[in-house]
Structure formats: C-alpha cells, structure tokens
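The following pair of complexes shares a single chain, chain A, combined with chain B in the former and chain C in the latter.
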Partner chain A sequence: MNLPLIVPPQVAFSLISPDLALLVTSVVILAVALFLAPEQGIRWLAWLAAAGILVAAGSDVILLLGSQLPATTFSGSLVMDPLAEVLDLVILAAALLAVLLAANRPEASPDYLALTLWSAIGMMVLVSAHDLIVLFLAVEVLSLPLYILCAFRPDRPTSLEAAVKYFLLGAFSSGFLLYGLALLFGVSGGTNLTQVAAALATVGSASLFGHGAIGTALIAEVGIGLVVVGLGFKLAAVPFHQWVPDVYEGAPTSVVTFMSVGTKVAAFGVLARLVDTVFVGSAVDWQGLLSALAVATILAGAVLAIPQQNFKRLLGYSGILNAGYLVAVLVVGSQAATAAGVYFLVTYALMNLGAFAVISAVSGGEMEGVMIRRYRGLFYQQPWTAVAMAVFLLSLASIPPLAGFFGKLFILQALISGHQLVLALTVVAGTAITLIVYGRPLLAMFSPPDPDSPPLPKMPMAVATAIGCLAVAVVAVGLVPGAIVGLVHGVSQIGPLSGISGR
Partner chain B sequence: MANLIAILAGVLCLFMGVVVISAKNPMHAVIALVANFVGLGVLFLLLHAEFLAVIEVIVYAGAVMVLFLFVVALLMAGTRAPQESRGKNLPGQVPLALAVTGVFAALVVFALAVRTVLVAPPPSTTDFGSITNFGRALFTTYLLPFELTALVLLAAVIGVVFLARER
Partner chain C sequence: MHSVIVLALVFPALGALVAAWLGPRLSHRQITWIGVGAVALSFLVAVAAFVRLASLPPAHRLIQDTLFIWNRAGATPIHFSLLVDPISILFMLVITGVGALIHLYSAGYMDDDEGFGRFFWQMNLFIVAMLLLVMAGNFFFLLVGWAGVGLASYFLIGFWYTRPTAVAAAKKAFVVNVVGDVALTLAIFLLFVNLGHVSYQTVFRQFAILPIATRDLVAALLFVAAAAKSAQFPLHIWLPDAMEGPTPVSALIHAATMVTAGVYLVARAFPIFGLAPGVATTIAWIGGFTALFAATIAIAQDDIKRVLAYSTVSQLGYMFMAVGTAAYAAGVFHFLTHAFFKALLFLAAGSVIHALSGEQDMWKMGGLRRAIPLTAATFLVGTLAISGIPPFAGFFSKDEILGGLLSGGQVGLWAIGTVAAGLTAFYMFRLYFVVFGGSARTKSHAHESPAVMTVPLVVLAVLSTVGGFLVLPGGYNLIESWLLPALSRFGPIPPLPPPTNWGAMAVALVVALAGVGSAWALYGRKAPAVEPLHGPVYRFLKGKWYIDELGDWLIVRPVLWLGSVLERFDRKALDSGFNQIGHLVAGWGESLRPTQSGYVRRYALSFAVGVMLVVAFLSLRP
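And then the complex of A and B:
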C-alpha cells in the first residue's frame, strides 16, 4: 500500500509572530524557573514576561504598519487584518498590566506568568479565527488558564469559589458554543467561515411555516442562537452574567484586570467577525436576538451596579453594562459600526485597566481594601492616585472632554445612522444611570478621611508609572480624539474576506 | 440491516445514558458509561467514521474509563457504603430536566417530520472517516487546531500541578 504524501500547509510565520513571541517567552519562563529557588528571581521572570509582551506588541505594530495585511494563513483558518491587530494590541496591554500588578503580590509565580501569556495567545487567536474549530479551541485556550488564574490565592476561600464558579459556568457555556458550531457545520458542510457564510446566504427565510428549506433555516437560526449564547457568557451579557460579580470579587485583582478587558476584547472581536462575514449576508434573523441581548444587558448592568459596596463588584457590573454597548453597536452590522465598537473598546480598555490598577494598588491585596468606604479621603492621603482614579471614573461615566465620551458618541452615531433608535435611547438611558454609579466612589474619594483608617500601602514604581500613563492616555485621547480615529479607520476597512487569497 | 443496527446502538446509548445518571452505585454508573461509549462507537462506524469509532472504543471506553474506575475505587476505599454516595437533587431539577428533554425530543420529531425539505448532507464517501483522510485533514487543513490542542493540554497540565501543589 503506498502511503499518500502529506504536504503541510504553508505557514506565514511573520503573520503569527506576536503569538510566537508570547509562546516562546512562556516556555522560557517555565524552563528558567526550574533552576531558580522559589521566591527568588520572580521579579526577573516578571520583567522577562513584560519584555516578551512588548516584543509581541512591537511585531503587531510592524504588521499593522506594513503592507502584508489583510492576509490568511494556516489554510485560511486564521485571518490577520487591521481589526485583529488593533484588538491584539489591546489584549497585550491588558496582559502587560496584569504582569506588572502581580509582580509584587503573593500570586506571582512562574505558573502565573505562563498562564497569563497562554490566555493572551488564546484571545489573539480568537480575534483572528476564521474557522469554527479554531474558534472553539481559541475560546478554550483563553478560558482554561483563566479558570486556574482565578484560584491563584488558595489561602482565600473566595478565590477558590471564584475559580469553581467560573469553571462550571464556563464549561456550560462551552457546551452551548460547541452545539451551535456543530449545527452551523451541519448546515454548511464546512468549518471555514467562508463556507459557512456561503451556506447561510442561501438558507431560506426562517419562517417556520413558509416555503423553502425551513428545516435548514431553523437549524441555522438555532445554531446562531447557541453560538451567541456561548459568546455571551464570555462577553458577560445579561442573562449570562451571573458569574461576573462573584468572580470579580474573589479572583486576584491582577487577574480580574486582565480578564475584564482581554475576554471582552476577544469575544467582541470574534462576534464582530461573525457578524461581518456570516450573519450580515444570511437570511436568518440575528438582529432581533442581538438587540434583545443588548437592551437587557445595558439596563440590568446599569441598575444592578447602583447598590454595590465593593469596588470590584461595581466594576464587574460596569463591565456588563459596557458589554451591552458593544453588542448594541454590532446590531447595525456595518463596518463603520464595527469601527465605532473598536474605538469604544480601546477607550474602555484604557479607563478600565486604569481603574483596576488603582484598586490593586490601594487594596494592597487585602479583601477590605476593595470596599468603596476604604476610598474615603483618598485625595488627602494620595492626591495623585485620587486624581487618576477620578479621571478613569469620569471617563467611564462619559464626561465630555475625556476618552469615554467619544467612545460613547461614536456608538450613538453608528446606532442613529443605522436607524436603531430604540438601542440609541437605551444607550443614553444607561449612560444617565451610570452617573449615579460612578458618582458615589468619586464623592467618597474627595470627602474628608476617617481618622482611624489604616495607612495606604506604598505603590510600586512600575504600577504608578502604568497608572500615570493610562490617565494621561485617557485625557489625551479625549482632547485629541483624532489620534486613534485614523487607526480605527484602518479597522473599518476590513474587507469582506472573499477577496483575500488563501495561502 | 444497517438501520436495525443503528436503532439497536442508539437504544443502547440512550438506556445506558439514563443508567449513568440514575445508578446509585458510582461503579455501576461508570460501567454503564463504557457501554454507552461502545454504542457510540458503533454509530460512528455506521457513519463511515472508522477512525473515530476506533478512538471512541480504545481511548474513551478503554483508557479514560479505566482511569475513572480507578478514581472511583480509590475515593470509595475509605467509605463503608457506596450506595449512600449519591448526592441530593437540586430543587426542581427533575421537572426541569424533563422539560428540556421534552423540548429536544420535540425538535428531533420536528426534524424528522421536515426531513424531506432538509438539504442533503454533504456526500460522505465510504472512506470519509478513514485513518488516511483523517490524518491528512489533521495535518493540512486543521493543522492550527492540532497545535492549539497542544496548548490547551499544556495549560491543563500546569494548572493541575499548581492546584495540587502542597502548601
């Protein structure tokens, strides 16, 4: 019997160089850690991880500025376009901050660094996924390390509780996602998004009792629904948000910082790609589904955030609320709307990372330190920290000259030009409610301090620098919104991928 | 003939699946799961997915289930009565499960009823799931998923080592 020769596909290594940089760094960290005594050299390893992330970000920028994009590799299952590269940069920023925050904490260990890098790889692959199997596996690569990272304070029962809750609900959502992907595969007979899009474009309208291939339309509809449910868990959209407050409260703050931005970016990226390449051209009703999800997420997130006493829980609900804005803008289904979503996501990442960095620095790893009452009089003890936090909170509340305002403005613009008036009104209502939400900690910070409150921990230099950079970025992006509009314009040119030659 | 075998294997799978979740003795549940996997293997064979059928029996019914048996046996080594190890149901769990099952059963009936208007599934030739074709697909079209799986396993190994570490 003559065996057929298997010719492996051509892989463009330059296109996946950011992922490779992270992978190599993680393996080096684990290997070097074998030769270091515990407790010794973890700072060096953290700097090594930070250097690896910076190299990855550098190769991302080179790709973004070069002329290679958009391109596909791995037999068309991975697509590199400006959308993916910009979102990759946001993911890398979140990973960098997580590494810096963890460097002086009990959770710091070689495993922590390696798992963070692997999760970042999963997120970066997810925003580039152009194949159903790659999509599912990328979700797993990003989730599995996060489940473990949530448990990185085993001395605390809440940390283990967060890990178990996140793991169980995450496994549950993976089941939904996989079921949906299997149904889409069943309808289209292929796993590449190009094949899925072609098949869904020919599916008849989804009326149950009309003419045409109703069975196929129904299966496609159920498949899309289940995929949205699965990704909704990752995005923390209502009603799939129950895990968020408990996980945010229990997991180490550095991990929450990373996952609150990274997971959201990755889930938005893949949902935007599905909308742009598959949903828009299909006859299946997906807009109603996403609209309902967006309205429920915005209203529930905003209202539930009001009574929170724990700062991490408050930001958890704020994350749910912002996920609602992202889902809302996807309903429009145009490339301009996707670009508005990306702009919003970039500004959200800046202010959310900043807020979590301040929480991490102020709490010093203590559970009590994340309560809002602990922030009373912060301005009189650490004025610059309080000012930075005020910038982040005001930006989250979309106060005009700051970055968050323009993110919200572009989303409203996209919704109104897409004739989604109900969604636009919901976004406005959500924004109004958040003035109350973010106002409370703001007032606490600038009111006189309790005389018997313990002194605040000293802030490490790297964390202080990171907070300063983020605050300056929030102000600068707000003053010169054009600074990243150009970047986002590039994103809006994600062509329909049919024109890209596979490699 | 093939239909008869498919129906028998399907009934075996369903019955054993019910035994898995209803058996009082965890040992019985594990053994019922082995039978369930064998039935699934037969179904894969009927779909011309020979490689999957073989893997299903060797890896799942074989290796994984032996592991399960060992774990169950080790965990039960200290307990007197394995019959009492069955946990309590959550409130409303049984009606909810029945309702979900009903919905899915209705979906299956609906799918069978409208079968005539379903598009034909992609042609599955007899060597569709052969080892040759499987291997070729795995190392060409699906090379990236293959590599990503390695990363998932690596993360799982590191995670287990971390969680099980002595403190």
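And then the complex of A and C:
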C-alpha cells in the first residue's frame, strides 16, 4: 500500500518573520506569566508585548525596503507583497495601541496580551492569504481571540453580551464564508487563488431566468456572493453590520480600538486581493454587488450615526460608513483604486485609533465616560486632549488639510476616473452627513463645562504620547500627503502573481 | 547657500512658536529678545543671501532651493521651493530690516499692554508669511504667504479686540482682502488648468502660448488681487480703517511691507502683464487715480494716523503707475524709499501718540517741536522725504517715476502724478505744522519716548535721507542695474527707462515747494487753533469722497436687502424645507433604530435576508 507522500512545503522564514515575532512574544508572555503573581508585573508584560510588536513592525519595514518582495511562500499559499506588508504595519500599529491602552486597565492580563497578538497574527496572515483554506483559517484565527477579548470585562454584563453576540453572529457568517469558499473550490478544483482565478475566467455568466449553462456558472456566482457576505461581515458592511454598535459599546475600549482598525484592514486586504486576482477575470457581476453593498453601507452608516449618544456606538457607525467607502473603491477594480483604498485605510487608522485612544483615556473604564455628554467642556479641563480629539474628528469629517481629507479625495479620484459616478456621489453625500455626526461631539468639547461633572482621570504618559503622535501624524500626513502617496504607489503593484517563483 | 535661505523663515517661525507657547510665562524682556532677535537673525540671513547674490555674475543671480515635494496635482509635483533673486532679496531686506527696527520700537511702544506676548508672536507670524510671499518659487506658495499675511494683518488690526471699532476694521480688512485672495486663487487655477504648472519660470516661459482672452483674464485677476492687498481704488477702503491696530502694526504691515505685496506681484509677474498691455495700462491709470484721489482726501483728515494711511494709499498709487508702465525698477525703488520714510513717519506718529497718552487728533496737538524734539526732527525728515524735497529719498524715487512717465509719453499720468506730488507736500506739511509747530492747543505733559523707540526712528531717518542715492539722476542707477538682469531671466526685458528727465524733475520740485509754501501760509505762519478750510469741497474731501457711503448704498445695502429678502425666503420656505430634510434624515436614523433591536435572532434574520438578497442579485440578474 502506497501512502501518498506528504512533502513538507518549503518555507522562507524571513518572509514570515513579523508573524513569528508576534508568536514568540505571545508564548514568552504566557510562559513568564506563570512565574508572576497575578496583578503583578502586568505592565512589564505589556511593555514586552509592545516590544514584540515593534520587532515585528521592524522586520516588516525591512521586508518592505528589501528586494525580496513580492514573493510567495508555503507553496504559494501565502503571498508577501507591498500591499500585505503595508497593511501589516497598520495592523501592528492598532495592536500596539491596544496594548498601551490596556496596560492600566482592569482587562489587562497575560491572556489579554497573548490573545491580542494571536488575533494580529490572524489578520496579518489574512492579508497575505493566497489560498482558500489559508484564507478561512486566517479569518478564524483573527476572530476567535476577538470573541474572547470582547468578554474581558466580566464585571460588566454588556461586555459578556457583546462577546456572545459577536461570537454567535461571527459563527453564523463563518458558515456562509466557508460555504462560499467550498463552492469556489468546487468550481475550480483547487484552493490556490491562481487556480481559482483561472477556473473562474473560463466560466461564463448565467442567470436562472436567462440563457447560458446553469450549473457551474451559478455555483461560481453563489460562491463569490457568499465569500463577499462572509468578508462583508468582518468589514461591517450593511446588511451584515448589526453586531458592530452593540459590540463596540459593550467590549472594552482597548479591544474595540484594536478590532475597529485591525479587522477592517484585514478584511479589506483580502477582499482587495480577491478582487484583483479572482473577481476581475470572472463573468460574475461582482461590481454590481459591491456597488449595492457600498451604497447601502455608506447611507445606513451615516444616517444611523446621527442619533447616537454613546461615543463608541457613534464611532461604530462611523466604522460602518468608512467600510462603505472601502467597498466602493474596490468596485473600480484597478490597482490605482486599491492604492487609494490603502491610503484611505492608513489615514482612517490614524484618526480612528486616535479617537478611540482619547475615548479610552477620558472614560477611565467607566460606562458613563463614553457618553457624548461627558465631553462637554473637555477643552476647559484637558485642552490638549480636546484639541487632539478635534483633530481626529475633523479629519474623520474630511476637513482639509487633515489626513482624512486626502484619503477621501483619493477615493473620489479613483471612483471618478473609474466612471463610478453614483458611488462618487454617494461618498460625497455620506461625507456631508458625517459633518453633523462629528460636529456634535466637537461642539460639546468646546462648550462650557458642566459644573457638577466628575473630574477626568489622569492620563498615563504612554497613552498621552500615543495620542499626541497620532494627532501630529494626522496633521502631518494632511500637510504633506505626498509622503505616504509614494509608499502607497508601491502597494499598487499587486495583481496576478504569475511569474513569481514560489519559495 | 542652498537650504540656508530657509533659515530666514525658520527664525521668525520659531520666534512666533516660542512666544505663543511660552508667552504667558516669559517676561517682557525675554519676549523682546525672542521677537526682535528672531527677525534680526532673519535679517542676517537676508544680508548673507544678498552678499552671495551680489558675488554672482548678474545673469546668474538666483538662489533656488526645493525643500520637498508638497503634493502631486495631476501629473505635476508642486514643490515647496524658495526662490531668491534680486527682486525678492530687496523685499526680504526691507521686511526683515525695517521689520527688526519696528519690532524693537514695539518693545517700548507696547510695554504697557497686557497682550505683549500675543503682539510679538503675531508680528513674527506676519514676518514669516510675508517672507514666504516674496520667497516662494511658485504661485502656490505665493498664495500661502498671501493668505498668511492677510491673516496676520487681521489678527493685528483687531489686536485690541475689546474695541468694537477695531474688530469692525479687522473684519472689513479681511473681507476686502479675501476678494483679492479669491482673484489670486482663480488666476492660479487658470494658469494651472491651461499650463499644468504653477512655478514661476515655467509659467512665464509658456504664458505666451495662451489665447489673448485667457492672458488678459489672468492678468486682470492678478491685478484685482494686487489692488486688494495694496489698497488701490476702489478696494482701498480697508486701509484707513486698519489704523485701528497698534501703530507699529500700521508702520510694518500697513505701510512698509504687506501693502506693497501687490507691487511685488506685478513686478514678479511682469511677463504676464507684458503680454496683457491693456491690463497694464489699466493698472497705471488706476494707480494714478488712486494717487491723486487719496492725496485729496489726506488734505482734510484730522487723525494723524489717517492722514498717513491715505498718504500710503496715494504712494502705492505711484508704485502702480510705475509698474503699470513697465518701469519696474522705478516702482521697486519707490517701494524701498517709501518703506523707509513711511515706516519712519508712522513710528514717529506713534511716538507722538505715545507721548500724548493715546491722542490722535492733530488739532489737539501743537508745539510738540519743543516737547519731543527728537521725534519732531525725525518726523520732519520723513515729511521732507515723502514731499519730494531733495536730497531726501522720496525726491529721487518719485522723480524716477514721474520722469519716466513724461519721457514715455504718458503726459496724462505725469500730470496726475505731479499734482498729487504737490498735494502730498501740502498735506504732509499741514500735518507737520499743526502737530509740531505753533503752541500747545490742549494741556499735556508730553515726554520724549525711551531710547528703544527713538533709536529705530533715528536709523530710519538716516535711511530716509540717504536711501535715495541708490539712483543719482544723470548718473548711475543701482536699482536698475541690480534688477534688470534678473528680470530678463523670466521674460523679455522691459523697455529701458529713459535717461533722467530734468524738466519733469524741475516741475516736480517747484510743485512740491508750492505745496510746502501753501501749507506754511495756511498752517505754519499763523498756527490756527482750528481748521481754517471749509466749504463744500472741503466737506467732500473730509467725507473721503463719500466712497464708503457710496459702497454702502451700492453694495452693502442692496446686499443686506437681498439678504433680508432671502432670509425671509430662507426661513419661510427653504429653512423649513431643509429642516424637513434634516428631520427626515434624523427621522430615518430614528426609524431605523428599531432594526438595531439588540436581539441576536433579529440580527441573524436580517443577515440571512441579506444573504438571500446577495445570492438573488447575482443569480437572477438577466
């Protein structure tokens, strides 16, 4: 009896060094924690986690600057290209901020740090995924730790509620995602994206009520549709968004900070890769689907954000809205459009991380602290915090010359040059509505303070530094948009990976 | 030299930052060191750049420094680049040199003010913006500086923000300046859309390929911008009101530097105006009219600073006459001497106001020659200079303009300019005699200002005396030989100005002396206690030709009327309409809230419906 010979894949470890750095750090943290009394040394472990993240980011930068990219590894199931590495950096930034924010919080524990790092690994693998199975695994690796992290304030019912809701709906969506991936595998007989793309390119289009061979084509359509559903859930696209506000409200702020950016980056990355490698060659009307999702997401996100009284819920809807912009720009399907999306994500990450960092610092872990009314007169109590928050909010509202303005501008440029005028108008409409949304907390911050509001918690130095750096970055990126454009232009060099030798 | 010139911007920028940041914690003395030191260091950089330029052969006098690519617009990168050439270096030297003197003076003048720190950081901010304006290597950063000086000017006019008149004046200045900003922006858009570039050299090289209509439009828009900034008729209305700001502000911003930005723009963009001769002629005539018009108004004003303000408007008219007739060297020369003597006059006036504890009505002064002799002497030097009495600076620069006009065949403009010169001598000596001559009209304990204020006065008086010798009639012309090789780099060399016109000079001198004589006859000899002039013409001039009232009737009231009509329409129809939309949107928000029920089963249901929609969308599509 001949057993099929299992050939271990050749692995270029240097290419996955960022992921390895996080993995090693997490294991070290858990091992060290065995020897520490609880409640003791958690700050040191947080610093250790931060150091591991910085090492990962450093090796990421080395990869970006080196000549190895683009390359594939694990027999072509992981692809390392500038897109993946730049998005990795954004994910790492989100993880770093989450760790810094959590360091002084009740949720801080060795498990918390390890779970955050593992989730980050899942996100980083996802943006590199070039194989259906790796894609699914990565989605699960990023999601499972997040479900647990959401429950990290067991003293609060809302935290547990958030975790359960997120877990149930996440499992629900994973089912659809897996089914969609299975259908794509069924159509193409392979799991590598190159294989899937080649197979889909030969499948024509079909309609239940039209002509053409129903069968393979229908399977391809449903497969792509379900994959978009599954990733749309992670991205928070309407109508798969309803978990977002509840989870953002209930989960610890540091976790929300991390997931609001990290999950979005990872989902956008993999969707962009699917669009660029698989969707563009197929006859399926993926553009129509994404357009419809984008319009629904933008409008619903913007409108629903208006009545929110809770800052975290407000930013949850703002996250939905911004997911809509990202879906919209993917419709264009060009590499320039992907680059615009990446630029937008970088700017969004800066201002969103900043806003959540301020919320985390101002709330001090209290539920009441995240209400918008709590921000009345913030300027008179902590002027610099209020100014930084104003920078983040104005940037989110796309006011020039802040970073958010250029992010939106490049998206509009991409949409217009891709002849997606309806989407462009929707983006403009969404932006107009958000002026109301972000205007309210702005107004509150600069109104006279409430005399009987409790004093604000003192801000830890690391958090203050992080907020300051983010605010300066938002202003600087806006003043010198060319600085990041150059980086992002490198990102646009993704696409079919034929011709790249596997390692 | 490369990348060193940026220090000229960095020092005052740091000064502004430090003074703004630490201002409340620093003593007045420390702020003075920072504020004055920053501008003085900037001046040293300008001097170094000047020396460097002078050491180069005339055709290569250019320092260009690209600091970074600011942004890509279309296919064009927009560089943050600085360009220092013989034109900009003259402006830089004046901005930083005269600026440093005025900063020093301010240390004495503003010492009692609790906004001392605020004053200095805003003044330093102005210096940064003004330097950026003249050092920018392309239209884009010119615009940044252009808007920046407008902002600083707005801050400083409204410096005493508890006075309603100061706030109103600041607003008025800002609104009028924005008219110019918009015109400049449109001109830059036009250039960019048609040429794809905003850098001076490229724009000037390619400008000739544009159709005539576009060229005229660009030139006209640039002129509107210049007229707004340089207070040319009918956009002059903001400058006299701007005297609400502290006197050093009036001296620096509203006499010596910012208001000459328009002159700089026309001189800098001369290839554009050279290809739009109609617009250039209009500039010259508007300048001529403004020179005469403002001079007539200055005759009948009683506020010492307002007389000087109208005289500034009038002198700017001279500069526009010059640059409008392509006599760029003469225009820049007059800018230079005017910066000296007008800054001197304003600072001396400030010294008078300081001595009289804030009194600005000249009819409440008198006899100050004895009380504050140094101020009186320096003011007299300034008066002689602006009146065109040799050998003071104004004589040479004004003669350069007037002589050029006559030799160039512009007899009409020459006549206007000459009459305005006579009026200038008249109203300036009227001011001098009433303020310093005779005896005190009201009781006062005038005292001479401290040295920190009088030293700048003396330095400026010396400059006002000798500054004219850069050009010797019939002899050398340093300004021209300095500027013309630089100009020729950007475009066809403008026609060489004619040799000295001795006839024009003689007439101008006689007219000026006549003006001085009339002033002596009316105000000097008898030293009247009240204004001896009266009658309808006097009232007309005192009412400033009722331009403000005319503007009120023609523009403000119709706009207000339209506004009130629209407001009613807005409130009755649109507002409720938009409120409806607002309520509708908010209502959607509210009405969609029940979808966010909090029940996971509902979420899962809507998720499933979404999945069905997605699958149906893809598979049922015909």
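Basically, the second predicted complex is superposed on the first by the 488 of 503 C-alpha atoms of A that agree within 3 Å, B and C clash if a C-alpha of one lies under 4 Å from a C-alpha of the other, contacts with A are read in each partner's own complex, and residues count from 1 in each chain.
Methods note: a contact is a pair of C-beta atoms (placed from the backbone, for glycine too) under 8 Å apart; a residue touches a chain by one contact, two chains touch by 3 or more.
Predicted model, so just to flag it, every value in this text is computed and none were measured.
Following the overlay on chain A, a side-by-side fit with no clash is recorded for the pair chain B and chain C. Contacts of A:169 after superposition: chain C is touched, whereas chain B is not reached.
Once chain A of one complex is fitted onto chain A of the other, the partner contacts of A:189 are limited to chain B, with no touch recorded for chain C. After overlaying the two complexes on the shared chain, residue contacts for A:140 are found with chain B alone; chain C is out of touch.
By the document's definition of touching, neither partner reaches A:157: not chain B, not chain C. In the superposition on chain A, A:74 contacts chain B only, with no contact to chain C. Touch criterion met: A:245 reaches chain C, while chain B stays clear of it. By the touch criterion defined above, A:111 reaches chain B but does not reach chain C.
In the superposition on chain A, contact of A:383 is made with neither chain B nor chain C. Minimum C-alpha separation, chain B to chain C, in the superposed model: 8 Å.
Residues 218 of chain A lie in contact with chain B in one complex and with chain C in the other. On chain C, the positions that touch chain A within their shared complex are 68-72, 77, 585-586, 588-590, 592-593, 595-596, 598, 600, 602-604, 606-607, 609-611, 613-615, 617-622.
Looking at the complex, you find that chain A touches chain C at residues 164-165, 168-169, 172-173, 176, 206-210, 218, 221-222, 224-226, 228-229, 233, 238-240, 242-243, 245-246, 284-285, 288-289, 292, 300, 303-307, 433, 480-482, 485.
Taken in their complex, chain B has these residues touching chain A: 110-111, 114-115, 117-119, 121-122, 132, 135-136, 139-145, 148-149, 151-152, 154-156, 158-159, 161-163, 167. Against chain B, in their complex, chain A makes its touches with residues 3-4, 6-9, 11, 23, 30, 74-75, 77-78, 109, 111, 114-115, 118, 121-122, 125, 131, 133-134, 137-138, 140-141, 144-145, 147-148, 151-152, 154, 186-187, 189-190, 212-216, 218-219.
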